[in-house]
Amino acid sequence: MLGLRLGWSGWISTAILLLALVAVCAPRLLAPGDPLAVHPADGFQPPSAAHLFGTDESGRDLFTRVVHGAAASVGIGLAATGIGIGVGAALGFAAGLGPRWLDGSLGRVFEVLFALPTLVMALLFISVMGSGPTASILAIGLATIPGYARMLRARVRGIAASGYVEWARLDEVGPARVFVRHIAPNSLWPLASAATLGIGQAIVWVSALGFLGLGALSPSPEWGAMLNAGRVYLTTAWWMTVCPGLAIVLVAGALTVLGRRLGNARD
Amino acid sequence: MRARGIARAFATRIGAALLVVWLTATVVFFALRLSGDPLEAIMGGPGSQAGAEATDRAREAYGLDRPLVVQYLAQLWNTATLQFGDSYSRKQPVAELLAANLPPTLVIATLALLLAWVLVVLGALVVAVAGRGRVGRAIRSALAGLETVASVAPQFFVGAVLILVFASGLGLLPATSGSSPTGLVLPVVTLAVPIAGYLAHVLQGSLVEADDAPFAVTARSRGASEARVLFSHTLRHAALPALALSGWAYGSLLSGAVVVEALFARQGIGRMLLEAATVRDVPVVIGAVVVIALLYVAIMLLSDLLEHLVDPRLRRRGVIPA
Amino acid sequence: GDAAPQEGGTLIYATGDAEPTCLDPHVGGNYPQALISTQYLEPLVGRDASGQIQPWLATEWQPSDDGLTWDFTLQEGVTFTDGTPLDAAAVKANIEHLQDPDTQSSTGYLAVQKIAEIEVVDDTHVRFHLSSPDSALLESLSQQWTAIQSPAGIERGMEENCQAPIGTGPFIVEGWTPQQQVDLVRNDDYRTPGPEADHEGPAHLERIEWRFIPDAATRNAALTSGEVHVIDNPLPADIVAAENGGDGIEHIDAPRPGAVNRIELNSGQAPFDDARVREAFIRVADPNPGVESLFRGVATRSYSPLSSTEPTAAGDESLFETDPDAANALLDEAGWTEKGDDGVRVKNGERLDVRFPVSTNQSTAAEQSLFEQIQANAAVVGFDVILEPVDLSSWYGALAAHEYEAVSAPYTKVGPDVLRVLYHSDGTIPAPSGYFANNAQLKDPELDAILEQASATLDEAQRTKLYAEAQQRILESYTVLPLYDQQNHFLVNGVEGVTTLGTVATPTFVNARIA
Amino acid sequence: MLVTRSVPTGDGATAVLEVEGLSAALRGPRAGFGASARGTRDAGGPTGDRPVLDGIDLRVRPGECVAVVGESGAGKSVLARTLLGLTQADPRWTVRADAFEAAGRDARRLTPRQWRGLRGRSMSLVLQDALQSLDPLRTIEAEVGEALAARGIGRSERRAAVIRALEGAGLPDAASRLRQRSGELSGGMRQRALIASALVHEPELLVADEPTTALDPTTATRVLRLFDEVKRRGTAILLISHDLASVARVADRIAVLDRGRVVEQGAAEQILRRPAHPVTRALVDAIPRGPKPRSASRTTAEAPGSPDSPALLALHGAARRFPAPDGGTTGLHGVDLVLRRGEAVGVVGESGAGKSTLARILVGAEQPDAGAVERVDPGCRVRLIPQDPLSTFDPRWRVGRILTASLRDAGRSPVELLAQVGLGPEYLHRRPATLSGGQRQRIAIARALAAEPDVLVCDEPVSALDVTTQAGILRLLRDLQERRGVSLVFVSHDLAAVRTVCDRVLIMRDGRVVESGETERVFADPGDPFTRELIASATAD
């Protein structure tokens, strides 16, 4: 109907995301235990029937932690992308539809923001704000603004110059209506695909900040933090890295696949 | 005539670059200065037990007792002359630090971009030659999956696994890059993985499009083989969007450099920035950020020029979009 | 390595500590500077493995009876590697360099704080006049942060001297590639062997490459694959693997001197201003199982505020027996009787929160895990331990603002005098930067008196007794939860003769040979 | 394994190509992961194989030109591609044939590699999208010489052959064009270069799919003349087109294709003069020819469009200039025009003459640089039927919403509008992207009508359509003008089509009106040499 054909990879992705959604909304359904409960005596247990993903250095059940960590990780991705898209969309509309001077100056600002790679920008931001989950979210959100803003601006410009907007003007439709009917829906739709991709990327970025010692959240079961904590034991307890790492790759991958599908469906 | 077009484009780019430099220097200066006291860095890092007298002396020596505006103008002058002043923590001219740290980063970033392109083109060739039959389809799905995983796998994790397998496990390659060129292999591969995943996706997408284009069908109707159609027709068309993205990709390689340089203990601008930012070494941060911004501008210019090389249609128009 | 050890060759050392910003340990003064400067700078006196002070650049010393003047005799005929002679004037220049505010010294500055005047008696004799007696003077002077360097080198100015300080050590700084490595070459005229040297004359090695590899896993991979010979800060798991495996990797366990690794409770504010609440916390923290599983036998639980390498260390295990029931009773008694829905105790509407900022730069992964376990253990009786992993700047910020109830700080120095720095009430007064060493906020006039007395006593037996008394008092205040010695391990692959100094446990390669 | 078998034909010559019972079917909509979804999307709903070609018999002899004609979607392009083995390589297609012999080999058994050899030596194809069939990134030399390069022929030899082929295709100054790229050539030159690339290796058979539709009539005539020469040199030609009138000039025999079947086949003369099958007859009838049919209403005194009707719009020296690539200016250079209520005015000219610019100025989409547009009747509504209607539909909107949004009179319904352009209510729920060109064109007309316009400006409303659909739209436009008194401005490069609708024509060239007057008068007595050429190409059959 939308022309959205999922294919098997799309269906698998949807299934993964549904599972992640359950983990976010009702983690107890999947893992009733306490993600923070330590049992030092049970540390470093490999995966088994009792501990599906094994246990970590403090004897916490990794499966429980991965399930309960979904809310934090996906939440961070969502929040960062929300900031990026929200501010980016506002700026993009302003640049795309506003007067020429505004477009020009915003364009320069985007250029500046764009010239700084995501992690560099996040570093700067964190060195000013100090590290922590809020800083990570803001940093990644901020770093993604110019991308979204530029994309929307180009899109809005294209639509404003399109045949159907011209035709609507000739058909004596007022500018406000043209915006509501044509420009906003057509330009925001592709952003949905970018946002889906963006959430996955944001989760990965945040985990990279954790590696650099700037996003540490331990002992909260955020996936990036778990992955980092486990990396120290990679040689002796591989499951401590592989399980949260897999969670990141699966969810980010699923979001990427679906985001690309959405992107393809649009044209 | 063509030269003039390019010269004008250069001028536009350089104008933009100056603006970028000024804005970044300003933002970084005020952000760092207003959020904390750089004296900490000067006095040997946080928690320094230096006496009041020593602190005052240093404040004077680094001009931190002057009004903020004067300090800003001084920093701006330093930036404009690309000297950037002296590092607070390293007590060394920033320009020297940059000169030492930039080349190693450029080396791995450039090699990584090249490697990513080689991987991506090889992938495209495999897909093209495998054809559209059952085997081809299986190969294509496998590559598509690989692409997705590559573009979302956290770099520090990929790097750690590579070290585990190739350095500690097989002992084939060094984990850190001392002076031997083999030390470049692991960091470059780690850096190239996500970019390759991303470029491959873009390239595959436009290849499918170019593959259906009338000129490709025509080429087949002239008896050209699939490899020939790929290399002399579709690849060039499909490469255009990926090439345009390579400028952006270079930026994200610099992001990756921060991670990879820390992981593989490589000297470079990413690691330098990471260190400077954590101790609030304002001159170094501004220097590094400005150089990264300039690098970005230069890379964008280069990718424009490359695009012109590949696409004669742009050459004829003689204008590089600013 | 069964091959015969050889002369010459290049040793590659990989450190996980932060890269120094200045190679001169007088400037600032942190552990990474001590580590590397051990290779090219030497102090006036040394300390052997048993904690006894030994001659080094100074062959003899004699305090006056009032303890206010000290005479040092220097080795004769020694020159720095730039040819400048090591004489009394050089020592004077060094102490004055440390005391000069422009040097921005902090650690060394504190060590020589009590030296009021330096008198050059003749070329080989120097006399220190102290402002008050200091029994820790020799220990302070044995530290790398007060090592003696060429006055001509100092004259060059800070920028140049930071790049390549000039000393009398077995190696000479040849060059420094920031973020990559420092290159050291052998001092062929070396003639001042310290307490650890097994021979006169130059070192066996020709060069040392001193690399900076921050990531522990990478560092270990580099060691096992033979890219580097020695690493510091190995992961506990890698230490165990090295000890069990037959790969020829040798483990050197060299705990740092002075203070032990510990958690300090802020007795300056609620809720830990109440000794019963502190005791309750310490009774329930139960770190032993964690120390065992996380450190895999590499670390031993300590019950003393001083490191096991300090001859004066004394502990009292009985104070630290885990007893959650006793903890509950203590808390009830202290008025923390209500419990919220989340199981956290409440008193007058205040929750029993314990803010615990953790510096991610200074705490290892195993340590952070241990804190998490303590957090879980303390929750059982109704503490809410809030672990806040933060970067170094924010960590100091939190301390300076007194936004902590518990903290683990790594400060240490050679000798039991560290107790005075850490627990004397003077330590609660912040330096201009906001830093203060007494994180426990201990203000006990009697303890102050004992520590001052110990500091002024040159009699060993008396000193030992006083420090034992001080330690008991500190432990009984329940402001300190000792954990284990400050971990300082090295893994060595394919090199023989690597030892560590008895001072701040830094490695020396004067005896080392590539196997 | 390969048995060479000569196929006896009617007059004894060996056929270059012979197929019997050739069928091609498209597999169900699941085209497989990774394949573009585009190809299958408009196939819509039903699963299972969909036959596109169904039992085709065809034979082409050396030196003979066989034309395959048929409506849009009849399967002509698929046939062309199948004959060159291109559909066979695509897993979405299944191809079957009782006999399939190409250049003396049994094509049913060829491996992909052998097919390549065959294509590079004996057969070649000129694709429907002529303007995009040359790779814009490569030089003409590389493109034209590709068949030789693929065969490993040396560079200098190749260059000589390329120059020969280009000159043979009537491209002047061939040697200097070698370094140019397709973007630097005009449409007609590109078409010739493409034909040269198909003939460079001197194939026995040339398959040309709609080689003239993208061209304006003068250029098209020149290209057809070229085919005539090629044929005389002994090359067999299979010419594919929807335009019976144009192929009739070169074709010896004609096969009429309808929904994948050959419904009628015979000598060109016979098919044109005495079409037997109803499909053929419809095709022949649909060729626009002759003057505008007179209707009953035209006889009355108050006939719309008579000189006394009130003027609605007027252009006074309107000009709109654009910088041309060569440094000069193009666009529109001063046009005067008065449009009266109820009249139909044709605007004719070559590509680039400024017709669309004129149309856009009339509706107010473009402001003139000089001169003025006067709305003589300020209340009159002007609407445009754009040259490329698809881009003027919001891609997210369905037909129902598109029509409702433009509707002025609340009393009318979108269904009514659809009925007016001959479409059923089932189209309300379609998206324009899923409609055929003719259907889109009609939706564009319905949308324009929704606003109850007084003036309808139609920019090339039929040039992209096959003749039957074209005839339907022309009828509709005539109706609107005559029954509803709508003023028409009909822009086209096709003089014959304009003649059947318009009372008055303007002939344009290079942004200027070179001739104007009553349609029949201009036809009978063209004053300008350019007009004469246009008329010649429009009436030749």
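Letters A, B, C and D name the chains as they come in the text, with residue numbers starting at 1 for each one.
One rule holds in what follows: contacts are C-beta pairs under 8 Å (C-beta built on N, C-alpha and C of every residue); 3 or more make two chains touch, one makes a residue touch a chain.
Only a predicted model underlies this, so the values are computations on that prediction, with no experimental measurement involved.
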Chain-chain pair with the highest tally of contacting C-beta pairs: B-C
Identity of the most central chain, Cα criterion: B
Inter-centroid spacing, chain D versus chain C (mean Cα positions, whole Å): 87
Approximate Å spacing (C-alpha centroids) for the pair chain A, chain D: 48
Geometric centre distance via CA averages, chain B-chain A, whole Å: 21
Distance from the mean Cα position of chain C to that of chain B, given in whole angstrom: 40
Of all residues in chain A, the ones touching two or more other chains: 9, 231, 234-235
For chain D, residues that touch 2 or more chains besides their own: 33
Residue list for chain C, restricted to those that touch at least two other chains: 217, 220, 361, 391, 393, 397
Of chain A, residues touching chain C in the complex: 36-38, 40-41, 43-44, 56-59, 130-132, 213-214, 216-219, 229, 231-236
Chain C - residues contacting chain A, complex: 216-217, 220, 235, 237-238, 241, 289-290, 292-294, 360-361, 365-366, 368-369, 372-373, 375-377, 387, 389-391, 393-394, 397
Sites on chain D touched by chain B in the complex: 32-36, 38-39, 81, 84, 86, 89-91, 112, 116-121, 124-125, 127-129, 132-138, 142, 146-147, 150-151, 181, 183-184, 194, 197-198
Contact footprint of chain D on chain A as seen in their complex: 3, 5, 7-9, 162-164, 166-168, 170-171, 173, 181-182, 185-186, 189, 264
Chain A partner contacts - residues on chain B that touch it in the complex: 16, 19-20, 23-24, 27-28, 31-32, 35-36, 141, 144-145, 148-149, 151-157, 160-161, 164, 168, 201, 248, 251-256, 258-259, 262-263, 270, 273-274, 277-278, 280, 285, 289, 292-293, 296-297
